[in-house]
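Below is one structure; the comments refer to it alone.
Labels run A, B and C following the written order; every chain starts at residue 1.
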Amino acid sequence: MKKKILEIKDLKVSFSLNNKKGNAVDGLNLDVYEDEILGLVGESGSGKSVTAYSVLGLISEPPGKIESGKIIYNGTDLLKLSFEELRKFRGSEIAMIFQEPGSALNPVMTVESQLAEVFNAREKTDGKEIYEKSVELLSQVGIPDAGKRIKEYPGSLSGGMQQRVMIAMALAGNPSLLIADEPTTSLDVTVQAAILDLMLKLKEQNKISSIVLITHNLGVVAGTCGSVAVMYGGKIQESSSTKEIFLYPLHPYTKLLLESVPVFGKQRGDDLKSIPGSVYGIYDNPPGCKFYGRCPAQKKECGVTEPPLKEIKEGHFVRCFLYE
Amino acid sequence: MKLKSREIKNTTFRRRWNKFKNLKRGYYSFILLAALYLFSFVLPVFIGRDALLVRYNGQYYVPLFKHYSAETFGQKLFGEANYRLLKIKFSEEGGNNYVLMPLYPYGPNENLLDETRGTPPHPPSFSHWLGTDDRARDVLARLAYGFNISISFSLVIAMLSFLIGTAAGAVLGYFGGKTDAFGQRVIEIWSTLPLLFIIMILSSVLRPDFFILCVIMTLFSWTGITYYVRGEVYREKGKDYALAAFSSGANGSSIIFRHIIPNSLTPVISFAPFAVVANIMSLVSLDFLGFGLPPPTPSWGEMINQGMGNLHYWWLSVFPLAAQFLTLLMVVFIGEAVRDALDPREYNRTVRK
Amino acid sequence: MSNILEINRLYVSYPSGRSGIFSRGSITAADDFSLELEEGCSLGLAGESGSGKSTIARAAGNLLKFNNPGVRISGNIVLKVNGEVYDYARLNREERAKLRSYVQFIFQDPSGSLNPRFNIGEIIQEPLKHLTSLGKSERKNKVIDLLELTGLGEEIYYRFPHELSGGQKQRAGIARALAAGPKILIADEPLSSLDVSVQAQIINLFRKLKNELNLTLLFVSHDLSVIENLCTDVAVMYLGKILERGKCGKVFSNPGHPYTKALISSVPVPAFSENKRERILLSGDIPSTLTRPQGCVFAGRCPEASDECLKTVPPLEVKENGREVACIKRL
């Protein structure tokens, strides 16, 4: 049995706007084990980013609020920590990279000084040492000519290079867990392939223990992750190993999601299955299963009570009344 | 084909208005100020020297709308009748004649030397709530009439200069290139002209009245808004809906006026209240310096000037300053609320993925 | 089948940096670019960002002259509809309006392409207003038909863009494009800002409309799986040039150009496989269009490049099975 590195228990995060209040994350349970890449899959509005932000204490309050739950990292409940204590966890234990590397980097600071800032926040070391460490890190993340590139400003780097710099900054604190929020969405396919390759390599080389890869792209998950959790309506709907999810999906949402994306080399010219309707906003909160309105296999009870997340096979959890 | 003719008016304006209504401080300031401004147009009914109704020898007169000479009512005075004295006379006489006066029966420009004791200025009293000034004119009446002039003046200038500024900005932003480069230089040169000196020169040549002052001020205040509109139009033109309109076969004027300008007015609207503040201030300053509206127009600047000259008579400076302070405060509150109502950030920040 | 649109030796460049007297060189977005659209075909234009595929789409839609100060265009684009020939460079007022109604455009960002102050009915009416002589009630009826056709339903008529979901907005954008009765539909990355579950709906809608209305489709996308699913033909672009084009089936099952190979190997496939797929990772980035390479545009990143590739520009030549490849190694 592998060790749990991160355990999210019954997390509820609400957002309020114009006197309306809704749960973006609504009773989420998620375990991240050591030495794995977990894919957190969901459409926009499913609450996947909010989950990630909650782990790092980045939910701005107001309008957001963590209502209840526990986020246990290696035995410490992160939600009980003070701001200052949490700050020490960020970067050194858990690091995060974002969708838009261009806007996550400061445009008026060189790569070198931004990296130096990360090092300085950890320990006071002398400038020469930091410089050498930085260059080493940049070459590790596959930036050619790192000694020269380190002097440049983010604006003169391409999107792919910027994301590599972000990864280098994330690695600078030597964290065990990396949360990547749609890290390749804004990048070209060839660059995306290279970044995903890099993340796999970093894990193989034990530079990082676990990665949570948040994405909407099932293709990215299939090629990279060992296990998958599918989110919808602020909840995990199904989770299992990648093999299980792609070969034997159980939840109607997962099934439809897999059938609605064109698979390269298959289904040429055929109509795709599509999910009727669209995700509703977090402020209208119907009772029952979150997918009820769009589900082709809906039963009466689905609209009344919400099914629990159940382990159907070993390690395969599903939240649906079809499996009881 | 059937289509319910039910129109759901969920326009951008409606949404912003609702948001504005939720910003209580600004919303109530707006209601209050708007009510006061509308009220100031019917001011003669409540504050003024002319009687609302006179019954004299079985006949009815409405002096509010028509001037009557003193002889009409048998007063031994030159010029217009003095209805306050007439009222006293009638009540002393008894009989059927009567005079219905406004609630506060003093006009803004009337010299009350004959009806007051001692030398002006008179301190606040029961009959003159805020006292009188050094020419024995009622301060409250002058303040009230001055309010209308201040607000009208600033609204007219704001509207005219925004009209010109928006048109000029839209032309520069839409056509860009050489038109833009040339137009911007012209505007820069224009805005370096010293306003105060020009007004001083002009007011020595021609006697400035409300209209001329409006024109002069407009000529100097339209430039500021062009930069914002120009930038906004330039940005909006780059958006896909403008290109979509082009692709739909729309011509230039349709793209500018129907598509781009309505979407570029956000800065104009959010600046409007602050422009009103600036205009009120400039009229006050001009009046204070004596280059503004000609005497005896009841203007706040002139009143503050008088207060400065008569510092011992505290009511001459305290009340005009307080009135101006409160008005500007309310306009600023409105401005803040408008700015927040137009700010889409609250939506963007909360609706995260 | 005859060609409905022909692009001949098109060259498009934008001024870089400041426009006007201080301009410093130019960015070439299309370089000696030729492409024919057969009537009734659906061509997928694939490429990474910076490849110039959007520029080609806009050029074909006659949209380059709007808000592109200093753009330089040479070469010619010709539209052939019902025996009439329209040369893009020489259009009078009447012809321009006709061309607009024959060629319509669908934008990448459905939110940005709908005027936020118009309701959906007004938005879809725009082309009818400017390009047809229909009266008010006829226009309204036509809009309602279009709403039905695109799967929106007439209750959307009085809604405003912000009240619709992304998928609905894109449907409205498509309805607007269809309003004037176009022959060619040009779609510039119409799916990239939509959710995965909605993308399928829109892909199916495109297929349905193309078949029902007998349209010719120019579909710009970076997503090869979508192009494979929707299109009959594909053209792969890189730095303003076509590197390979042909029938989807042939190009994708047996790519001829090294770049196509790399692109295909990077497509994320949402299916489980026990053994990891071999990815061809390209070194470096797509070079800046300011400094164009001398020889083959792809030579700098090509795993198979030789010295000769750096010197000679390979022409786009017909290889086996009617497929065209621009690579000297494939002679």
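We adopt the following convention: contacts are C-beta pairs under 8 Å (C-beta built on N, C-alpha and C of every residue); 3 or more make two chains touch, one makes a residue touch a chain.
Computed from a predicted structure; not experimentally measured.
Participant: Relative to chain A, which chain has the most distant C-alpha mean position?
Facilitator: Most remote chain from chain A, centroid-wise, comes out as B.
Participant: Have a look and report which chain pair racks up the highest count of C-beta pairs in contact.
Facilitator: A-C
Participant: Between chain A and chain C, what is the gap in Å from one C-alpha centre to the other?
Facilitator: Their C-alpha centroids are separated by 32 Å.
Participant: Once you find the CA centre of chain B and the CA centre of chain C, what distance in Å lies between them?
Facilitator: 54
Participant: Touching at least two other chains at once: which residues of chain C meet that condition?
Facilitator: Residues of chain C touching two or more partner chains: there are none.
Participant: Counting only residues that touch at least 2 other chains, which ones in chain A make the list?
Facilitator: In chain A, 44 touch at least two other chains.
Participant: Of all residues in chain C, which touch chain B in the complex?
Facilitator: Going through chain C, the ones touching chain B are 19-20, 61, 63, 66-67, 69, 97, 100-101, 104-105, 107-109, 112-117, 126-127, 129-131, 140-141, 144, 154-155, 157-160, 162-163, 173, 176, 179-180.
Participant: Using the touch definition up top, name the residues of chain B that touch chain C in the complex.
Facilitator: On the chain B side, the touching residues are 1, 3-4, 6-8, 10-12, 176-178, 181, 237-251, 254, 259, 262-263.
Participant: Show which residues of chain A lie in contact with chain C when the two form their complex.
Facilitator: 43-44, 144, 158, 160-161, 188-194, 196-197, 216-223, 242-243, 245-247, 256-258, 260-275, 278-279
Participant: Which residues, counting only chain C, touch chain A once they are in their complex?
Facilitator: Its residues touching chain A are 48-49, 165-168, 195-201, 203-204, 207, 222-226, 228-230, 248-249, 252-253, 262-273, 276-277, 279, 281-286.
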